[in-house]
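Two complexes come next, and they have one chain in common, subunit A, joined by subunit B in the first and subunit C in the second.
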Partner chain A sequence: MITLIQHGLQERARRRELFVFIALGLLLLLFLGSGNAALSVNGEPITGFTMLFPVIMHVVNATLCILALVLSVHTIPEEYRRKTSHLIWVRGISQPAYHFSLALANFLAVALAGLILYGAVGLYLVKNGEGARLGALLLSFGMLSINTGIITSLTSVLSIVWPPLVAGLLSFFVLLAGILHPVLEWVSYWFDGWTASVLRAVLRITPDLDAIRSMATGLIQGTAPDWHGLFTALLWLYGISLLFFVLRKKEA
Partner chain B sequence: MKTKIILLVTGLLLLTGFFGTSKQALSERNVAIYEKALSLEDTIDTGFSGYVFSAVPVRFFAGDADYVRKGDTFVKQKPLFQVLAATALLHEGNYTLIVPTVEMMEGVFSLLSPPDTQYTDTLHAAVLWHEGFHAYQLENYENQVTALPGCGAEDSAFQPADANEAARALFMDGLKALHQAVNEEDPQKIRTYVKTFVQLAEERDALLPEETQAAERFKETVEGTAYFVEMRATEAMGEDISAYTDLPAFYTNGPGKYYNSGRMMWMILNKLDPVRMESYDFSLPLRTIMEEIAKE
Partner chain C sequence: MLTIKNLTKVYDKKTVVSGVSFTVGRGEAFALLGSNGAGKTTTIRMILGLAKKTAGEMGIGTDAIGYQPESPGFPPFLTGREVLEYYAKLQGMNKAAAKEEAKRLLMLTGLDDSKTKTGHYSKGMLQRLALAQALIGDPALLILDEPTAGLDAVGRVEMIRLLCRLKKEGKTIVINSHILSDIERICDKGLLLDKGRVYRNWDRYADEGKSLEQIFMETMEAVQ
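The block that comes next holds the complex of A and B.
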């Protein structure tokens, strides 16, 4: 299994998407961190560390989640398309272990990209005289990895049973709803009737990726995590990962 | 087999953590805010001697649950209605104060307000007094309040006023006259300012449909008095009330501005006729009382 993960990781390292996303993420962080970005909310400019830092964490979270989706959506279908899977079965490796290893390789590749982006966040902290917060950076990185884990495993399990386009769209829907969870929740309270019912159903069937982003940001800012929110996210990750042991690819 | 055991144990641990950390009680912060609001009861002067804050049934809406005050504690219950609104609602025969938790209000504020503005615990305590007052209003004067013209008008009723440039300018002039009256101590001068206000208001009324006029008078009366109570609660907590008392620098669309004009009318009545204020029962709009004062 470790060989499979190593091999998967080497393959992912050759994918240009990985580097494109790292470069895009770094460029965005550089742009935001330089103070040249003219961001505003309700006409009020967003400047200074306390206002800008959460925005930076939003960017890191969204970049890594989209990267997780992009890397994962083709991985399993591509392996079957190349018809190399029989080489795995003859070695006595089960389908769940194979799929799980491929997903884990993707997760590690995204984590690698995450480490690079977090390095940039660390530099931003030091530049703004917030070097004392560097200690919490690793914890925050671990926290945000729950989100990339959720998206990686979700996209991977969906791609076991559905073509990449369907799996990608479904996963993107979950990603978008997950990142926009607080906005959707707020809108659901603003309406009643079927609009509110649909929104509440969407909220129930999608993980709150923003809660984890918020906790990852809070850890650096010195806020205690919401333990219930953390367990909820870990249960999502666990529940989706269980599907690796349930779903089977028919072609095999 | 070993994998299955690991998975099972992991699942059980996560479920234990999930249920172990799930909220069964109202957050300490909200409890503290409610207790802070309760503590004002002995010091606050709302002008409505019948309004006893502690007597108003209260529910905190927390999204997935309501926390209902029962005796000295808050009990978790199914949400009464899942709408983000601070209001008074008839429930089980009593008007109940229903208010989102401070955490939810903060969330809305962070989404809608400029980054440097914050929803504070003090403001939430004052909002409790404001919405509690609506519960008192409806519990005791429901017939009078619902009989007021303009009751039940939609926000669209205010659009003609917001769309008319001359009406906008006249509203700001009227607000200035009210502000001068509130800050004046001499009753004769106060009456002069009220006369100016009524004159401007009549000029403005001629520009607006009757439906808009009625909706404005209703809001000024029902919300103006509640906004006054909110201001008094803020003051009783030792907070700066300039956000309430300063003359607004610019016109704002929507019904929010009538809270302020109504508050000023109530304060003028407070100064000129405290006896009438004591017996006020919401059967007359505050604007009508201002018109009567102007004629005196």
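The block that comes next holds the complex of A and C.
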């Protein structure tokens, strides 16, 4: 399994998407952190560390989650297309172990990208005289990795049974609903009848990725995590990861 | 080495392999012949455990089976040596043993240990690399899917020579191929399949005087 993960990481490190997303994330962070961004909510300008920092964490979370999706959506189907999967199975490695290793390699590749973006976040903290908060960065990084873990696992398991386009669209829907959880929740109160029911159903069947983002931000800002939210997110991750051992490529 | 009895495979109520039986002795080279959709690849996949058999029995006299799929897409950023080291490690070899094995197989298959990535390999080099990975761990039984397909004249001659050499060294070989002239040079026995059924057994010595092409055409005409 370690050989498979090492090889997967080696392969992912050569993917253009990884570098494009890192560059894009860094550019956005530079733009936001430089103070040149004219952001406002309801006409109120977003300025200063306490207001800008959550926005920065939103950007980091979204960049890493989308990268997790983009890297994972083609990985397993590509192995089957190349027919290299058969060369793995004839060597006594099971389908679940193989799929799980490929997903783990993607997760680690996203984590590497995350470390780089978190490095930039660290520089932003120092620049704003918040160097004392650097210690919480690693914890926050671990927390945010739950989100990338969920998206990597979900996209990977869906790509075992469905074509990349379907798996990608479904994952993107979950990602969007997960990031916009509080917005959807708020909107659901505006409606009655079936629209509200649909929105509440969406909230129930998608993980609250924003809650994790909020906790990861809070850790750096000195807020205690919401243990229930953390436990729920870990349960999501565990539940989706279990699917690696249930879903199999039919007579691949 | 390999005994197959009444092997049957049904996919979604469609029988793709029906009652196929054959035996391959140690050191023999055996051919599975037939047109597209004849059931050759499904038979191979069942032997390898990549597809579940619906019915029948299989007796395989070894755990060490080497498999060469038709044109596998090796990671294009790796060199031939790195590909072999990777599969050797997956087979449980440690780093040093994998390195040694890769070196041995590059020599055996006539691939040079250059820095050329497999993405720049010719079809012939890729086929030789595919065979080399099948030979990792020195398996007693080799299952080869179209080993000479897509090769140019030189590549084909080299591949045939290599397979004949492996046979001489005592390897048991099962080949799935369309190219009858190649089969005639490598194999002693075989089966002609059509729509998943065995239509004729071929034995080089019993069928002496008739080319495999003749036998194949006669059989196909009889089938139609």
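Here, the second predicted complex is superposed on the first by the 251 of 252 C-alpha atoms of A that agree within 3 Å, B and C clash if a C-alpha of one lies under 4 Å from a C-alpha of the other, contacts with A are read in each partner's own complex, and residues count from 1 in each chain.
Keep in mind that, in the parts below, a residue touches a chain if its C-beta (ideal position, glycine included) is under 8 Å from a C-beta of that chain, and two chains touch if they have at least 3 such contacts.
Please read these numbers as outputs of a predicted model, since none were measured by experiment.
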Quick one: name whichever of subunit B and subunit C touches more residues of subunit A.
B
Check whether A:231 is in contact with subunit B, with subunit C, with both or with neither, and answer first, second, both or neither.
first
Output check: A:242 vs subunit B and subunit C. Expected answer is one of first, second, both, neither. What do you get?
first
Would you check which partner chain A:93 touches, where first means subunit B only, second means subunit C only, and both and neither mean what they say?
second
Report for A:3: first if it touches subunit B alone, second if subunit C alone, otherwise both or neither.
second
Touching A:11, do we find subunit B (first), subunit C (second), both, or neither?
second
Check whether A:81 is in contact with subunit B, with subunit C, with both or with neither, and answer first, second, both or neither.
second
Kindly classify A:182 by the partners it touches after superposition: subunit B alone (first), subunit C alone (second), both, or neither?
first
List of subunit A residues in touch with subunit B within their complex
41-44, 46, 51, 182-183, 185-186, 188-192, 196, 200, 227-228, 231-232, 234-235, 238, 242, 245
Name, in rising order, each residue of subunit A that touches subunit C in their complex.
3-4, 7, 10-11, 14, 81-84, 86-91, 93, 251-252
The subunit B residues in contact with subunit A across the complex are 7, 10-11, 14-15, 17-18, 21-23, 63, 81-84, 100, 104, 107-108, 111-116
Residues of subunit C touching subunit A in the complex:
11, 48-52, 65, 67, 69-75, 77, 86-87, 89-91, 133
